[in-house]
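You will see two complexes here that share chain A, one where it goes with chain B and one where it goes with chain C.
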Partner chain A sequence: MRNIRAILRKELGTYFASPMAYIMAGVFLALTGVFFVNSVDQPFAEASVRGLLATSSFFLLTLVSPLLTMRLFAEEQKLGTLELLLTAPVRDYEVVVAKFLASFVMLASMALATLFYAALLAYYADPDLGPTFSAYVGFLLYGAATLAMGLLASTLSSNQIVAAVVGFGLILVFTLVDQVSNILSGTVARVLERLSLSAHFDAFNRGVIDTADIAYFLILMAVFLFLTIRSVESRRWR
Partner chain B sequence: MARSTQGPPTTRETGETVFATLTRLLSGRQGISAIGAVAGGLALLLGLVLLLFVPAMRGAAYSVVVLGAILLLLALMVSFSTVVKAVTGRRGRYGTNTTAMVVAFVVLGILIEVLAFRNPVRWDLTATRRFSLAPQTRDILTGLQEPVRATAFFVAGNPSQDQYRTAVEDLMKEFGRQQPKLFSFRFLDPDREVTIAKEFDIRQYPAVVFEGRDSGLRHQLIAPFFEERNFATAMLIATGRQQKRLYYLTGHGEKDLGDVAPDSREGAALLASGLGGDNYDVQVLSLAQIPLVPEDAAALIIAGPKQDLEGEESKILEQYLRGGGRVLFLLEPNPPATFSNLLFAWGIKPVEGRVVEIFNSVAGQPQTPLFSRDQYFRYPEDPSSPDPFHVDLITRPLDETYFPGTAAFQQRLPPEEMVKESVALFRLVRATVLSCISQDPEAKTCPPESLGRELVPAWALQGFAPINEKPDPAGPRKTRIVVFGDSDFVSNYHIPSKNNRDLVLNAVNWLTEDTALANIRPNPIPVRYLILAENQKQLLRALSWFVLPAGVVLLAAVAWWRRR
Partner chain C sequence: MSTQPMIEVDHLTKYYGDFPAISDVTFNVAKGEVLGFLGPNAAGKTTTMRVITGFLPPSQGTVRVAGYDVVADSLEVRRLVGYMPETVPLYTDMTVKDYLAFMGTIRGMSRKAIERRKSEVTEVCHLEQYYGSLIGKLSKGFRQRVGIAQAILHEPEVLVLDEPTIGIDPIQVVETRQLIKSLGGQHTVIVSTHILPEVSMICERVIIIHEGEIVTVDKPENLAARLEATEHINMEVRGPTAAVVNVLRSVPGVQDVSFSPQADLKARYALVGRRGEDLREALAKAVVEHGWGLVELAAVSMTLEQIFLRLTTAEEA
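And now, the complex of A and B:
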């Protein structure tokens, strides 16, 4: 735990000391602001963050997560500091978990800033707080899964752009896989639908928390973190 | 630099062209093996794509898959030693080990997900539990015998339709979640998919059509009948449940079934639509033209008669009731005597005058009493005893209802004088103790001495014979009657408000013994609209678009300054 804490602190320091991270957060919040206004600025608009988080999860997490994680291993590989890190008395999983947690804290900070919109809704109307809570829980789980994918992509290349593109592609596949299921039928269609990130998030966004959806996001996150650990470890024998 | 001098010579260093390199690599046994492996892999991929996406070419797809497998096998046999070396070498062993671990981890993850999917625990966090399906709906879904598809016809970007669209989509998703194998749904724009809209006979939208995929049966719902009970009924119809027939009495000034004006207080077209949504076929009955209640009548509805029954009509209805008839009486204060007499025989009589409610009424109208949950009677009175009548299903699932100008009824004989075997009477709803009966149609208050009397504007009864007549053990089926002291609450104007529609539909469901439908509680969708004035909208836009991003950009500037 001590090692994880140390690496986490270092990564968070890098994030929060970098103007780029703030600029990315600023762009994220500007876009969420546009999505929020679009979702409520219409006749019969429901006083909820449902529209905001549905659009944000689709458009923003697909883009922001790879941007947040692309640096984490790719830059270390490029600078040659990954060898130093891996020969230090820390385990591979500690490095991966700490970097994952750092990116998650960054994403969660950005997501929680959007509670400002929920506060605006509460001021002007009477939103249902249960679905607001569940939607944010789902959004954070969704984000955690996409960050794990981005982290794996970051280990695959020393070029940050390549890592971001690979991460973006991975997340896109898991986001849109249910669209493929629409043109199929039977068991294959159902399995593909069960694989979709957006389909699992939908229930959270409506106000329903289902243990199957929680398990899906946690398992997806665990699988990609495991793959990341194996990918980092493979540098020792490749 | 060191690598470039020690490693194998590159194409540029040897002056070899790409074509020459490829020719060298692909010549000899290894080259044939590589071509075979690539071709086999491609064939396998193509075969799987055909198998998944083009079911019509399934035969060809299998052939391509087999061909791919053979090519891969051949490639393996030709380069067997190379493959063995790759697998058993140092990197190969590590690689195999890692692959095995990854596969084991993924399989474990899949198993956990399958377990979680099969044993889900759900929390519906919405204030009104709007995503919790009634047990009856879940039973209908799990008991489906054939695939059912719902097709929703909504015009995209139409605000008046959008208010229904989300609710319909949410409900369908819940249905799909409950029955992922046999229930599916889709949304179509009738203006774009004109052919399909014509095929489904869509004349008015938004509309949702439920379709039994094997039976080909269809049932169409139109707005506003997009609630859980409507969907559950539609599924039953689409899978072949027979319609029951209701008769609607006319000729005595009753509410008009043909009046479709939404603000009409004399029209009952929305009542007919609601009954249609519950799978009833409603037919008009004029006893002056057909002097009998047809045998296929599941129930008879009498809504707001203003004139007396004539000649033989009373006898026909009396005989119908004696023969196990089912009648819904929707009367008004001081109803025509011939209708009161029908009820009198079964032990209920109207109280003269109208109910004035000074505690719980629709704002400013004491003659329109409002009924809250605690004003419905609960049956059985002792919860531990069995309930053979299921009367509770009429009112238990409801929230508020109201009757604009209602009569009250009372029991004709005290309970001790009743022959229990003949009739069982049930009070359904009562006014509060701060209510009274008044003869004045304009009364707005009650004299203190008139307060405290229990006033019951709705009753239900089940019996084998009129009161104090000995029932015939070999007689026909049991008679059922529901009587309301008001008919205005089922008019087009009032029926969509509160739970008025559900109350009258539940009463019909009870009369016809379709209790499963009555028990599907309407999940009210609370109005949580965001309504803003123009200046508030401007402020909201400004705060959302600029305040947060500007704050974060300011932080970026601070970070840059500190790093500098």
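And now, the complex of A and C:
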């Protein structure tokens, strides 16, 4: 636990010390602002963050998550600092969990900033707080799963760009996999549909917190974190 | 205190794919000993060190540190070892102070111990004035010191330093060597280098490694004696070559002379003499007495390359 806290603190320090985090937060907020305005500035618009988060999860998480995670292992491999980190008495899973948590804290703080839009709605209208809450829960779970994928990608290369692109591809597959199911039928189509990130997010956005959806995101996250740990360990048997 | 060696490397082999980076390497390091690891680039020094520190597992054979196996008891081993890799990897966006605190924490030091040791190692490594600076802004030499500082921070039983004096200025080299030497006794130190004199300055015992195999293990002074059984001298003389060769041969102690003619009636002569005899004065005198022009006269110290050549060919003979 102590190791996780130490590495988490170090990673957060690095995020906030680099301009990257601020640029990304800026772009994130600019785009969510556009999405927000688009979703409420129309006839018969409803006072909800549904449109905002649906677009954000689909477009932004696919892009932002791999950008947040690309540095975490790739840079350490490039600088060689991974060698020192892994020869310290730290377990591989502690390193992975700490780095994952750091990226999650970053993403959560960006999401936190978008609560501004919800506050704006509450000031001018009377939004339903239940769906707003569930949508944010869903958004964070969605984010956690995509961050785990990005983290795995980061262990695969010492080049941050490669890590980002691989992560982007991985997330895109899981985002769009239900599109493929449209042209298929039967069990295969149903399985693919069930695998899709966006399909599981829809329920949250409608105000439904289904344990199946929570389990889906948590399992996806756990699987990719597990793969990340194995990937870090793989230097032992490669 | 037991007589058990601190580090036991037993028939260690490490493959990268099909290529053996080190093959069947066996040696022990006693507690408190400073062991030098000498070899050209790609000899397998770094690989051996990476196995000892638990970064890479052995392909075959075992490595034990203080009785703990580097694979089975990896965490125990890593607790005992302080390590500075050759490239001195550091987090460039951290200050020296924060970096040392971080390394101390992940090595399981208490907060109080970290505070105490931080100021101690800062003093030992002369980092006081850069204590609050970003590591990325430090020069190569000071980064090297930070690398050593983090390695000794937790007062490890075993210290593994990969090429600690490479790429730093001569004054810092001297200081670093003194520092490493002073660490012996309380720490068991393995230090790799490809500079021969460095080994005789800081190490009690030397392992010469070449193409992944141990060529020889010895004390530095014995090694020097074995290697320098003869003295080599180079001369450049203006004069009739045949006569010059005859005269040089007649100087007592000279065993062999060869020459290659140069322009302007000059020629270069390579002489081999008995070890321990400085023939330079006698040679100079001989040349000058015959009225020839002595252009150059120099004793040749063997380069590492020649030493390896000699050691490896001697092994085969």
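The definition used in the following text is that the second predicted complex is superposed on the first by the 238 of 238 C-alpha atoms of A that agree within 3 Å, B and C clash if a C-alpha of one lies under 4 Å from a C-alpha of the other, contacts with A are read in each partner's own complex, and residues count from 1 in each chain.
The criterion applied here is as follows: a contact is a pair of C-beta atoms (placed from the backbone, for glycine too) under 8 Å apart; a residue touches a chain by one contact, two chains touch by 3 or more.
Treat the numbers as computed from the prediction; the structure is a model and nothing was measured.
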item	value
Which of chain B and chain C A:88 touches, first, second, both or neither	second
Of chain B and chain C, the chain that contacts the larger number of chain A residues	B
Touching partner for A:26 - first (chain B), second (chain C), both, neither	first
Which superposed partner A:223 touches (first chain B, second chain C, both, neither)	first
Touched partner set for A:46, first chain B, second chain C, both or neither	first
Chain B versus chain C as contact partner of A:18, first or second or both or neither	both
Which of chain B and chain C A:79 touches, first, second, both or neither	second
First (chain B), second (chain C), both or neither touched by A:3	second
Chain A positions touched by chain B in one structure and by chain C in the second	17-18, 237
Complex contact set, residues of chain A against chain B	16-23, 25-27, 29-30, 32-34, 36-37, 40-48, 113-114, 116-117, 120-121, 124-128, 130-131, 133-134, 183-184, 188, 190, 194, 202-203, 206-212, 214-216, 219-220, 222-223, 226-227, 230, 233-234, 237-238
Contact footprint of chain A on chain B as seen in their complex	52-53, 90-91, 94-95, 98, 101-102, 105-106, 109, 112-113, 116-117, 119-127, 130-131, 159-160, 162-163, 166, 170, 173, 177, 180-181, 526, 528-532, 536-537, 540-541, 543-550, 552-553, 555-557, 559-560, 562-563
Residue ranges of chain C touching chain A (in the complex, touch as defined)	50, 53-57, 75-76, 78-79, 81, 83, 85, 87, 89-94, 98, 102-103, 105-108, 150
Chain A residues touching chain C - in the complex, by the definition given at the top	2-3, 6-7, 9-10, 13-14, 17-18, 79-91, 235-237
